[in-house]
Amino acid sequence: MATADAGREALVALNASAAFNRWAGFELGAVAAGAIELRLPWREELGQYAGYLHAALIGAMIDTACGFAAYIQVGNVLASHFAVNCLAPATGELFIARARIVKAGRRQVFTAAELFASRAGVERLVATGQAILVPVEAAA
Amino acid sequence: MATADAGREALVALNASAAFNRWAGFELGAVAAGAIELRLPWREELGQYAGYLHAALIGAMIDTACGFAAYIQVGNVLASHFAVNCLAPATGELFIARARIVKAGRRQVFTAAELFASRAGVERLVATGQAILVPVEAAA
Amino acid sequence: MATADAGREALVALNASAAFNRWAGFELGAVAAGAIELRLPWREELGQYAGYLHAALIGAMIDTACGFAAYIQVGNVLASHFAVNCLAPATGELFIARARIVKAGRRQVFTAAELFASRAGVERLVATGQAILVPVEAAA
Amino acid sequence: MATADAGREALVALNASAAFNRWAGFELGAVAAGAIELRLPWREELGQYAGYLHAALIGAMIDTACGFAAYIQVGNVLASHFAVNCLAPATGELFIARARIVKAGRRQVFTAAELFASRAGVERLVATGQAILVPVEAAA
């Protein structure tokens, strides 16, 4: 557990420590107790065959945002399960995942997230998802 | 529907048409009717904070392999749902996803996949997953 | 689509038409556009080995509530996928599932639900879930 | 852990100890290390509005079969997550769920199951599913 400020600094460092996150361009947005925002500006390298955001990145944003939400409260975690619903073609200039803790148990942390696509400042819900995370000490 | 050879060629082209797949380095392995193999050599850029294969890539391999298995039988599809179980730390020199069609309905194609990590030629199951895909014509 | 009143009457009839729902004792609670409440008083026959509400009923309440939420907006549906997270032992005098439509597409309706256990009027979240439903005409 | 015979006896007792299982009429079929079969003869009380096996029972059979498969190897468990794909209308004289352990970790047991509908001795796959179970001691 951490104050929001310390939590924010720790998340920025965590985000920077993952090679894939650096390549993808994940940026930390708002941070609150048990809830965080993850942002990703669009570029072509992130696309699938039709030019939408690739399901890999949809899953990545949801899984990463959920993991970050859990991290603030319980420290290092590993995803044991995550699931994604793709509701609409993910196209936009900016993607924003908002994740929150649903229930933080001792052995499993249940989280949920929404992914929004932003175009000209207008957000549209394009995916929802959830993740079950296991605290690393417990997993050891 | 397509013969296995035509299916293989079409999948190689499909894989090459997705910018993210090119960056990640996805390679098509064995192809059969309703079942395909997708391969990904490890490199550091694919890692999460602890140096394991990032959940983004675990999800990407499962979602992509499932989509490819469906594509052979029904043509272009979009993922509407996918779910991943992370069973063990995904570390190795090469990752291999094997996907198959479970049931190809007219509106929804149900698929499942396993992800193996290979080290010195020995494979280990590290994740399982499934995807529900919607044929693009039906989704239109 | 239907007015809330017509929707309520139709749901009461739908609920009464399912043999399992009658046995279980599902009761319709509040009904709004794209959101409904389903209630189930506890009795021993609904329990698993430890005396908690059986996962069958947890899944049933979530799936049924999601289906009812979809029904108001799109008519008869069939579940093609549902998933449940069990957050806490489901014990109480009354169980209340609250479901809502997340996105109603032409071919798939995405829904989500929470299940609460009530004891002495105090509600506690015990499960979350989601369902993907297919309109029956589309499924035909 | 237990021998198959002791495992079978323990499962029969476990099945009998759950009030809902007795009402539903679940019967234990074949039992092997990490794999079990659960059977349910059809009767009208198990139906949804169209007369198919209710999703509650589809979920119940998958969750229960997965839990039994885990029980043989690790003892008492609680479901923390389960998911079901409904592939085809579940109609028949007898339903058979076959479940197996995919990975038994110390904190989480990953399992998978298929549900078959049998009519005149011919089986048809009608649903697939999976469950994540937590050993009760670990959950305590």
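A, B, C and D label the chains in the order they appear, each numbered from 1.
The rule is short, and it goes like this: a residue touches a chain if its C-beta (ideal position, glycine included) is under 8 Å from a C-beta of that chain, and two chains touch if they have at least 3 such contacts.
Every value quoted in this text rests on a predicted model; they were computed, and no experiment measured them.
In this assembly, the chain whose C-alpha centre lies farthest from chain A is D. Chain B and chain C touch with mostly matching residues; of the residue numbers seen at this interface, over half occur in both copies.
Taking A-D and A-C together, the chain pair joined by more C-beta contacts is A-C.
Centre-to-centre spacing of chain A and chain C amounts to 28 Å, using the average Cα coordinate of each chain. Centre-to-centre spacing of chain A and chain D amounts to 33 Å, using the average Cα coordinate of each chain. Of all residues in chain C, those that touch two or more other chains are 80-81, 83, 85, 132. Residues 83, 85, 87-88, 102-103, 105, 110, 112, 125, 128, 130, 132 of chain A are the ones touching chain C in the complex. By the touch criterion stated above, chain B contacts chain A in their complex at residues 14, 17-21, 23-24, 44-49, 54-57, 59-60, 63-64, 67, 78-86, 89. Against chain D, the residues of chain A that register as touching in their complex are 80-81, 83, 107-108, 132, 134, 138-139.
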